[in-house]
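Once you scroll down, you'll see the structures, which are given as structure tokens.
Common to both upcoming complexes is subunit A, partnered first by subunit B, then by subunit C.
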Partner chain A sequence: MKHVKGRAAVLLASVASVALIATAASAQTLKIAVPTFLTGGSAPAFGIPAKNGVELILKGINEGTLPAPYNSVGLAGRKAEPLFYDEMGGGTKQVTELRNKAQKEKVDMIVGYISSGTCAAVARVAEEVKLLTIMTVCGTPRVFEELVKEPKYVFRTVAHGTGNNTGAAHYAAKMLKDELKDGYIGLNQNYAWGQDSWRDFNLAMGEIAPDVKPAKKQQFPKLFSGQYGSEISALLRAKQKVVHSSFWGGDLEAFLAQGTARGLFKRKTFIFTVGETVAYRLGKKFPSGQLVGTRGPYGIYAVGIDTPLNNWFQKNYREIYKEPPSQPSYQYAQGVLAAKYAYDKAMKDNGGKFPTTDQVIAALRGATFTSIAGTVEMALSHGHQAITEDRWGLTAYDEEKGELVVKDVLVLGAKCVNPPDGVESVPWLKGGMKGAKCG
Partner chain B sequence: MTKYMDRTTWALTIGLVLLIVVNFFVPEWFRSILLLSLARGSVALGLLVLWRCGLISFGHALFYGFGAYTVALIVKYLGITDAFFTIACGVVVAGGLAWMLGFLLRRYRGIFFALLNLAFSMILYGVLAKLESLGSTDGISLERTTFLWYAPEGAANKFALFIFAAILTWGVALAVHHYLRSTLGYMTTAVRENEIRLEFLGYSAERAIHVKYTISGLVGGFGGAIAAMTIGHVDPDSMAYWPISGDFVFIAILSGTGNVGAPFIGALIYELIRTYAFDQFPEIWQLIMGGTLLLIVMFLPNGLWSLVDRWSKRRTGRDRLEAEREKA
Partner chain C sequence: MDSQLLVIILIDGLVYASYLFMVSVGLTVICGVQKILNVTHGALYAFGAYLTATLLIVYFEAGWPQFGAFFVMLVSAIFLGIVLGVIIERGLLKHLYHEDEHIVVLATFAAFLVLEDVLLLIWGTDAYIAAEPLMLLGQTDIAELPFDNYSLSMVLLSAVVCVILWYGLRRTTFGKMLLAVIYDRELSQAMGINVTKVFLLTFIVGSFLGALGGAYQAPAISVQPGIGVEVIVLAFAVVVIGGMGSIPGALIGSLVVGIARAAAVHMEPVLELFVIYMIMAFVLIVRPQGLFAPAKPRKI
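Now for the complex of A and B:
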């Protein structure tokens, strides 16, 4: 038996030494760990487009072919190499993996994370291991409002979920007056994201359109249930014409198919806050006249925004991946651009020498930078949380182009849909959205 | 006293000393993997106790999750971060749950037992995922663990937690080992081999199973509590979802039921395979894990520990041969 323990010790020692050797070999390239869903139900709509977005933008950065202001090669002159890994499996795995990436592989930063649950799990650990972490898609405001109130290493380069639901409320109140006569109703999955989304939307509606009442009972079917027969029946019976839904991925696709078959979308106008992620996949099968959200100028809303960077991104993405870039492609690429912006700026501030991580962090904190199809302001939570404009519109299928587009688009300013710095999102919504600047 | 000093006791003690020494030298990421292995190994140890009487649970994440969430909720709502207190609560709550469920589950065997466990664990998952006050799917984050008056920060915290967890795990493994060697413990094998005969000997098989189930719940809760402190965050997907129960069964199969030390070695190897599969094959890492399990089942049906058994048997055989030769 003793010998076995001895064997185990040899194993431990050898593993540890392999790890030490592996860490010594980081040369002049930057290593960016990119967690994204490579397997499982979130891969097709989120994970893979996100991965493609990173690959494309990094190719442009490493070759120096991006349009200005990003036309220099590399991040602060160094080429970057992405290390994609899977975001499946819950918080425990992701926390372990973050430690591995930080301490075993000594990556320079993490750019990624899709699920709010993952972001909540890793935020404190990222601070603990002092790894620059740029969160790109996850939406929960809790990251900076509850978990890491004094962030140093963690940034998020997209607006959080509150702004998106506030934007939806603005759009509904302004553009859907007739439909809202009988109030609105919620259809959200029964878990954190669904509950938060409904709460934010409902609170925002209460402020923006106080005369319009929500239905007495909202629907909260369970996550991944896949069958929505009874929900669709209940919705068809309900008098409310406007339905708020934060469905995504496979659940959303199933719901759209089942609802279309029963004529649901001819009688209701849905607000699909994450709808764009399946829009291109379904194409013509996506019902027309529904609201889809992207939490900013991304994906379907970026089509036709005429900036050199956006034209480059649209053209190359379509050429390489044979499909239009969707929301996660933009948001992940935006995270990488934020890193490039910060490294380049930090190098300039450092007199042309390669910057330290602290200098990069200082450069990104509170920065305003040009992204692919819009401007990102790192305005909240001590300059670590981004705000962007929000866009909402109705889906329509463009026969000529052969793809889904949005029409009647309303652009809402960043300061209109997001709380001012230092104010948490739920108290802001409850307190009458003080300080909102809507044009 | 000497009755308690058998080979396993010695080996576990040496293992503990080794772990504590290793703790001074390992990089942080590896310490975290070792800590997780202790936590997951503990749950697999709980499975081993059941396995010895021919029962397998597909829902041991139930106790793991209960232990973990008990710690998290105490930290969140009572503000107590003391490791000793929270872990005691986690163990007691999970054990209590196992004791209560035991009244029902002790009547079932085989696949019914396995699936009922799965059902209960998925009820817990459903409740955790739906209730906002329990953090829903985003989970709950824990404040930094403290040890009585000692509140280390940064890397020192994990360092202290490691020593704390290693000593406790050592105690747990020893306790289980000596339980298994007691009369009640040996009854496990009797339950597996011939339940009717056991009843005729005057013992209650159901009662024996009930005790074992409670023990495995206690140990599972212990593992969960350690995991919660190690990760600093609990969420239903990594604490109570069914694939987590599957992980524990995987570890149990990988390690085999030969010895109470086996689940910990199995858990460590599992974590290492997963870590490297994750790194090297990000798109097919599940396939690597499944393939490993398949290979183990095909070539080492009694787990990794059977290697040790085979090896020590051959050795004792050779020793005997040499001794006889010397005599001659």
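Now for the complex of A and C:
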């Protein structure tokens, strides 16, 4: 009996030791919740490339194989584990998910969010539950201009949509003078993103090229409509040759197929503000001579930017995923890099000890950090909203490389296309874009 | 309004109406015979689109004769109509015919969700693009605007489906049996009609039509997760406007919605989103049973 008791004691002690070791090990791992579209119409063009971007950059961080300045292992020395989950289901579901991640799963931070609707829904809740949340793709300026005016826990490491549409207006006014002789027209999905995009572009055009007028009627088809025969006819009938469109995902791919079959892109020049997200997928099927945007130096615009970090990202992404990295891959990876920058800096400021969340937040607030293909300045909204340069160019298929490229690229400085700190987007556009520094 | 615009609205309206008819006619056939609001119809459309897009990608990569692509679409739809039709009808619906219709709707909704996940398991989250057939038929200029012949061919396909259904219902023995079942299920059974067989065949035909809608649309869209959800909402709107279970209703409902939507896009684009549901609401107010609801026997 004594013998049995002794064995049990040894067994218990072993189990306890294993549990202690496991607890200690898990305490050394940072848990990063990563919401992204894993299903639904946004998954192929946004969600999956975004997930790939996080996987790749975290692999580099955990193995310590990233080039300088990120060539140390982990975030403040601790390896990070991504917990991917689906962004599908709308704002209410995502609010619940965020609460679960903060309160039940006790994650250290959230890095992600694609939809502007999701960002708008979760921003206040992230502040309420005190969870460091780095938004990576969503573009609505409302996050910090209306919803969370005094942020502490919420950051966004990409520029918001206003800068992108302002950049598009600059490019059109400078490079498409002939095409703009008869004005311009809009084709945007009928919801917040489409309407805001058109509003920003139209306001920016009003300031940059006041003589060029928009069409009287703009097209606002239903989101996920999929059938654009009537809209294509209306655009073909319109005298305007330049069309602004914030179409994305499956809607954009369907529109491109249907428009190509009717020769639309031979008669019109489109400004596709999020067009790059499908450009690689379509390859030769993407019409040439159209403007595509990435809201920064990402994806197709990052090809050829010769920095060690960008070369590492391009090479490894193409090797692992057998396709070039697109805008969401870069933007999600950039969110993770922001976290690494902040943790490493906070640890340094903390005398080499692992930092608290407040110290990490202080390190990221107002920071300027090196990203994969450019510099990110957390310049707006009390240092919580990023600005970056913006790039615009025309699509062309490179037969030698076997992939879509951009030509006639115009690089617009971050302070040229974004409002100064403390000024909201729409008043800035309406007020003549005061304070813009265009070189 | 100038005559050019009128012609363009008519053509755009017809093309959109043919799309609506193709996605709603299968739903209305099943609804008419089996009195089931079949939510799995959206999944059948999606399966049709996925299978066709996958096969077309392989087909065009192999360099086989281009016009054979249309045969691929037809074969995909027939295959899915039979396989999924039998699985859903025999595996699920036959156990629920005596249940309350609300339970049956919920069961088909559950099956729809399962089928959506099966789609993800088979095809993953990636989108499939197989636009070659869209370019294959070239363009035709109408009222000085180029229209792609593929979209115009959908009007022809809808007309062919409409004629076959009309002939099948009015001129064949099976069609007459079907009409008898639509009129009174119990009396038909008493007269010796094998209602179980009629139900199965009807469901297979309805499933085939749903899959055919997806198969023919595949080259014109990006085939990706979620396409079935969008379609089922539109199909319901058309069926409600035309009358539950009425094929002429589906045809007229599609035409009314298609032409009204095209007119809105050309004349007042902000109404585009509103017009379909405005028509539906109007029909529900003035004729709740729909424009062409089949007559119902008075039972004592």
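To be clear about the criterion, the second predicted complex is superposed on the first by the 413 of 439 C-alpha atoms of A that agree within 3 Å, B and C clash if a C-alpha of one lies under 4 Å from a C-alpha of the other, contacts with A are read in each partner's own complex, and residues count from 1 in each chain.
Just so we're on the same page, a residue touches a chain if its C-beta (ideal position, glycine included) is under 8 Å from a C-beta of that chain, and two chains touch if they have at least 3 such contacts.
All values derive from a computational prediction rather than experimental measurement.
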item	value
Contacts of A:N190 with subunit B and subunit C, given as first, second, both or neither	both
Contacts of A:L236 with subunit B and subunit C, given as first, second, both or neither	second
Partner chain(s) touched by A:F84 [first = subunit B, second = subunit C, both, neither]	first
First (subunit B), second (subunit C), both or neither touched by A:R281	second
Touching partner for A:G64 - first (subunit B), second (subunit C), both, neither	neither
Subunit B versus subunit C as contact partner of A:G117, first or second or both or neither	first
Which superposed partner A:K222 touches (first subunit B, second subunit C, both, neither)	both
Which superposed partner A:V95 touches (first subunit B, second subunit C, both, neither)	first
Which superposed partner A:L38 touches (first subunit B, second subunit C, both, neither)	both
Touching both subunit C and subunit B, counted on subunit A across the two superposed complexes	38-39, 190, 220, 222
Residues on subunit A engaged by subunit B in the complex (per definition of touch)	1-2, 4-5, 8-9, 12, 15-16, 19-20, 38-39, 84-86, 89-93, 95-97, 99-100, 102-105, 116-117, 120-121, 123-125, 128-129, 140, 142, 146-147, 190-193, 195, 220, 222-223
Touching residues (chain side subunit C, partner subunit A) in the complex	5, 8-9, 11-13, 15-16, 19, 120, 125-127, 129, 131, 134-135, 139, 145-148, 150-151, 217, 219-222, 224-227, 230, 261-262, 265-266, 268-270, 272-273
Residues of subunit A touching subunit C in the complex	38-41, 43-45, 47-48, 190, 217-222, 224-227, 229-231, 233-234, 236-237, 249-251, 253-254, 257-258, 260-263, 281-282, 285
Footprint of subunit A on subunit B - complex, ascending	7-8, 10-11, 14-15, 18, 22, 25-30, 32-33, 36, 126, 129-130, 132, 135-139, 141, 154, 227, 231-239, 241, 243-244, 259, 261, 265, 268, 271-272, 274-275, 278-279, 282-283, 285-286, 308, 312
